[in-house]
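In the two assemblies presented below, subunit A is common to both, partnered first by subunit B and then by subunit C.
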Partner chain A sequence: MIDSLYIAWRYICYNRFKSATLLICVTLIVSLPIALNVLLYESETQLMSRAAGTPLVIGQRGSALDLVMNTLYFDNEAPEPIPMAACEEIRDSDLALPIPVYARFQARDNPIVGTTLDYFEFRGLTLGQGRMLTMLGECVLGASVAERLGLGPGDSLVSSPESLFDLAGIYPLKMRVVGVFQKSHTADDLAVFVDIKTAWVIQGLGHGHQDVTRLQDPSLVLKRSDSSVAATAKLYHYTEITEETVGSFHFHGDLADYPITAVIAVPCDAKSGTILRGRYTEAGEKLQIVVPEEVIDGLLQQIFRIKSVLDAVIGVVATATVLALILVFVLSLRIRQREFYTTFKIGGSRLTIARLIAAEMLLIATGSSILCVMASIATALHADYLVRMLFIR
Partner chain B sequence: MITIQQLQFRYPAGNFQLVMDRFTVARSEKVAVIGPSGSGKTTLLNLVSGILLPGAGSIAVGGESISRLSEARRRDFRITTIGFVFQDFELFDYLNVLDNILHPYRITGALKLDRNVKARAAALAHEMGIGGMLKRHPDNLSQGEKQRVAICRALLPRPKLILADEATGNLDPDSKIRILNLLFRVVDEHDATLLAVTHDHELLIHFDRVVDFRHFRVREAA
Partner chain C sequence: MKGLLIAIGVAAAVLLFPGSIPRSLASDRLNICVVNYPLKYFAERIGGDHVSVILPIPRDVDPAYWTPDVATIAALQKADLIFLNGAGYAGWVDKVSLPLSRVVNTSKAFSDRYLTSKAEVTHSHGPTGEHTHENLAFTTWLDFDLAARQAEAVATALSRKNPAYKEMFTQNFQPLKDELKSLDAAMSRAASRAPETPLIASHPVYDYLVHRYRLNLKSVHWEPHEFPRPKQWLELQEHLTTHPATCMIWESQPLAEIEEKLHTLGLKCVVFDPCGNVPEAGDFLTVMQQNAENLRAVFK
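Coming up: the complex of A and B.
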């Protein structure tokens, strides 16, 4: 058999393009369904585990899926904002611990999540380096963000403007990195966490500038009276919050009206959760409360329905490919009739010829199996990223 | 070495029929077979080697009746006793020169492939003037070089009977003589027999005997 394998190997090497095509076809037929199953299993695990760990999410009425995906995975599609007052109402009700989430902005393609320290405790995030947020303008990075951007405590990260051409829009804020979380293998690894007020500063709702009461430059002062000073547009606004400038940062208006994208509510008990859910079912209520597990379960049902269609499509394509391969193989045998006859004339038996063909098939099958295993391992290793890319972001 | 009696053969399709009342080739004899195309020269070689079986009559090679052997034994007999140089070389494109020469050893258990055989193959190729081409594939060889590879393949198992179908047909005049001398030398060294089909009448004087296939009759020549 070793001699047959040797001859078969020589044949495969000599006809490398034909063999490679055959190898790729077989590999694709086998590995595609495997990869699809691995990805779906991973997506189910990933989506459900995070959803199951988030009891309730409150947000603006609209797509429940958008709300959950933004709150749990900081999806780019931010839902309509709700006022911070929604969070305070839940706190006042004593039914649940409210955690505000404001996931709208980005820093170098990574979502900036404005929240409170409760979020980190709720998710069980622990610091790998540095310290927690203590001051406005600071950020703590998810492990993957820190790794990808090569940042650590002491470095700085600038938020991305929403639109380069919108002069009245959001200006970038230079944030100081004070800590990096340990890897949690969740969406938290891919986020930049800031205090909710820092998120508002990024939006421009809070700002810091030169002290107008001490301005001497007449070009900076528009109007001065005993009670107020009106500054011109030339007034310098800070784009970085430091210990020297932090005192100048302030917010206009009522913070209760400030926007957040959602509130994660952690009910004290099942009863409190039920009562809380009941409060948002009234007609005319502008907010909605959703159970992420139910929403994600609905999404998965959709995905599995699509998967069954995909399975059928793959089945048809695989059958067609197998038939084409059989045809190619049979034609190849016919073309090689003379070669086989020569082997017979030299002294080879029909069994020898069958062994040669079997050896070629065995080598192709072995090569395809190795490639399939490699493809499956690669898919499994990168399933986390692929699931995020295909199903989440 | 070869004894043919009352041979009759016809292909399933077509009118061609080969009839030979009696034909013998003695051991160590070098016999040339001549005749027009389609007269049955190649058919005779195929019959002697057991690739084809006669419809009637008998063919004995080295005292062994070919047609009475089982298929497996006939194959083993062919690969160990007969060296066949085919008309169109019939080399394997995907094997290099060395692997083509060693091919008979790789397709049967009747021949054992070891280092000595590989060394002999290299030496034989060198002797044939293709020693520097062992790693080349047939599609990179000239017609003459291919012919030499085919001859090496036939000679390597040291057969007792060499059947050559236009073995020198694609060679230049000098090479023809060289190859023929080599064939003759191997025949003499191994006390083997050579039955060669040729169209090259200039070479006939080198053979012990010439068989003319015209009109499907055997004529013995001096």
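Coming up: the complex of A and C.
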């Protein structure tokens, strides 16, 4: 048997391109459904674990999926904003712990998430470096963001303008990085966290500028009376919040009217959760309350429906490929007739020829199996990253 | 003998396995942070031995204008409850990160009764157009009815945080409420004797006092430890022409030379300490009772 395997191995080495093609075809046919299953299982696990860990989400009426994807995974598509008062109402109801989320802005293609310290406690995020947010204008980075951008405590990060062509728009804010979270293997690793009030400063709702009542430069004042000062566009707005400028930062109006994209509600108990959900079911209600687990489950149902179609397509393609391979193999046997005849002439029996062909097939199958196992292990090892790249982000 | 053995056993367990100490045996005191002295007083009166209240502000600083450093904010973030006064008091609150779930605005229930201190200069710049930095009056506790409601908010928050002692917190709150109500009644009675009596205040911090007890009071902006500039004396004299007050209310005893000069203008100095920070002597109630006594003398 060893001699048959040796001759088969020499044949494979001599016809390396043909053998490699065969090897790749067999490997792909087998490993593709395995990889797909691994990725789908991982995406289901990831999506469901985060969704299951987020009891309720309240946001503007509209697409529940957009709301959940933005709140849980900081997806680019921000839902319509709701007022901060929605968060206060839940707090006043004593039914749940409300955590505001404002995920609308970006910094170097990473989502900026405005929230409160309760969010970090709720998600169990722990600091790897630096300290927690304390002042306006500070940010704490998710582990992957810090790694990718090469940033750490003491560095700074500038928020990205929403539109490049909005020349009269809001100045980007230079944020101070004060900490980096430990890796959590969730979407939190990919976010830049700021206090909700810092997010409002990024939006321009809170701002810091020279004291208009003490302006001496006439080119800065458009009109002045006892009760009013109109400043020109030359008025200097601070683009960084430092210990010197923080005092000049202020918000206009009632903070309860300020926008957020969603509220994560953590009910005190099941009964409180049910009562809270009941409050958002009235016809005229502008807000919706969703159970992320149900929304993500619905999404997964869709994915699995697509998966069964994909499975069928892969099945058909695999059958066609196997048939093509058989055809190629049969044709190659005909081409190799002279070779078999020579073997026969030098004393090799029909059984020897059959053993040679079987050894070649065995070697190809073994090679494919090894590659399949390697591909599956690689997919499983990187499933977490691949799922985020392919499905979540 | 049996009790002694149990005590030794507990002590040994505590020494050997400190992590295993039940919370009730170790310490179930709530760590409370407050932004001014009235709230500290309310929390201590209501919480008793079950709270440890911290006012992280030096005694010589007005808590309304104090700003914490990073280390203090980090300490504040670890508190079980953070009691805010609300009504724009302690502007630093809007500039720091605090855990929303543990922050209690003690005046939120009566936010519709907030008073605007004085219209600031309206200004406009950029695309947002004209806007005013509204200046809310923040010494809400000088209206003793509102002070009682703030104390109630403190009691409610403590009960929610530690329901095991709800009954005790309620019991502690009741006498405090009664004392504040009687102070409120005493002030109302005193002010009603001569409601039109014109008064001058050295600092614009008495809005809630004026509103609640219908005082006829105008404010200037003087400091008790700084001799006023000539312009400020002129401003006062202008006020006196239309508002013939014979009494000027101060946050603390003014300099002797200020008092002397005011005397020549026919003004007597009366101290009404808003008690924003820990008083040198007494407590919130005794200071307020003294304040009420001082004012009662004015209305005689």
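The working rule: the second predicted complex is superposed on the first by the 390 of 393 C-alpha atoms of A that agree within 3 Å, B and C clash if a C-alpha of one lies under 4 Å from a C-alpha of the other, contacts with A are read in each partner's own complex, and residues count from 1 in each chain.
Definition applied: contacts are C-beta pairs under 8 Å (C-beta built on N, C-alpha and C of every residue); 3 or more make two chains touch, one makes a residue touch a chain.
Values in this document were obtained by computation on a predicted structure and should not be read as measured data.
After superposition onto subunit A, the partners subunit B and subunit C occupy separate space and fit alongside each other.
Rounded to the nearest 10, the angle made at the CA centre of subunit A by the CA centres of subunit B and subunit C in the overlaid structures is 160 degrees. Contacts of A:339 after superposition on the shared chain: subunit B is touched, whereas subunit C is not.
Once the two complexes are overlaid on the shared chain, A:348 sits against subunit B while remaining clear of subunit C. In the superposition on chain A, A:133 makes contact with subunit C only, while subunit B stays out of contact range.
Touching more residues of subunit A than its counterpart among subunit B and subunit C is C.
When the shared chain is aligned, no partner comes close enough to touch A:381: not subunit B, not subunit C.
In the superposition on chain A, A:7 makes contact with subunit B only, while subunit C stays out of contact range.
Of the two partner chains placed around the shared chain by superposition, subunit B is the only one that A:15 touches, whereas subunit C remains out of contact.
After superposing both complexes on chain A, the closest C-alpha pair between subunit B and subunit C lies 73 Å apart. Of all residues in subunit A, only 87, 91, 94, 97-100, 116-118, 121, 131-136, 138, 168, 195, 197, 204, 209, 212-213, 227-233, 235, 237, 246-247, 249-253, 255 touch subunit C in the complex they form.
Taken in their complex, subunit B has these residues touching subunit A: 46, 49, 51, 71-72, 75-76, 78-80, 84, 86, 90, 92-96, 99, 103-108, 110, 113, 137, 153.
Listed in rising order, the residues of subunit C touching subunit A in the complex are 67, 70, 73-74, 77, 94-101, 119, 121-128, 130-131, 133, 160.
Across the complex, subunit B is touched by residues 3-4, 6-7, 10-11, 13-15, 338-339, 342-349, 352, 356 of subunit A.
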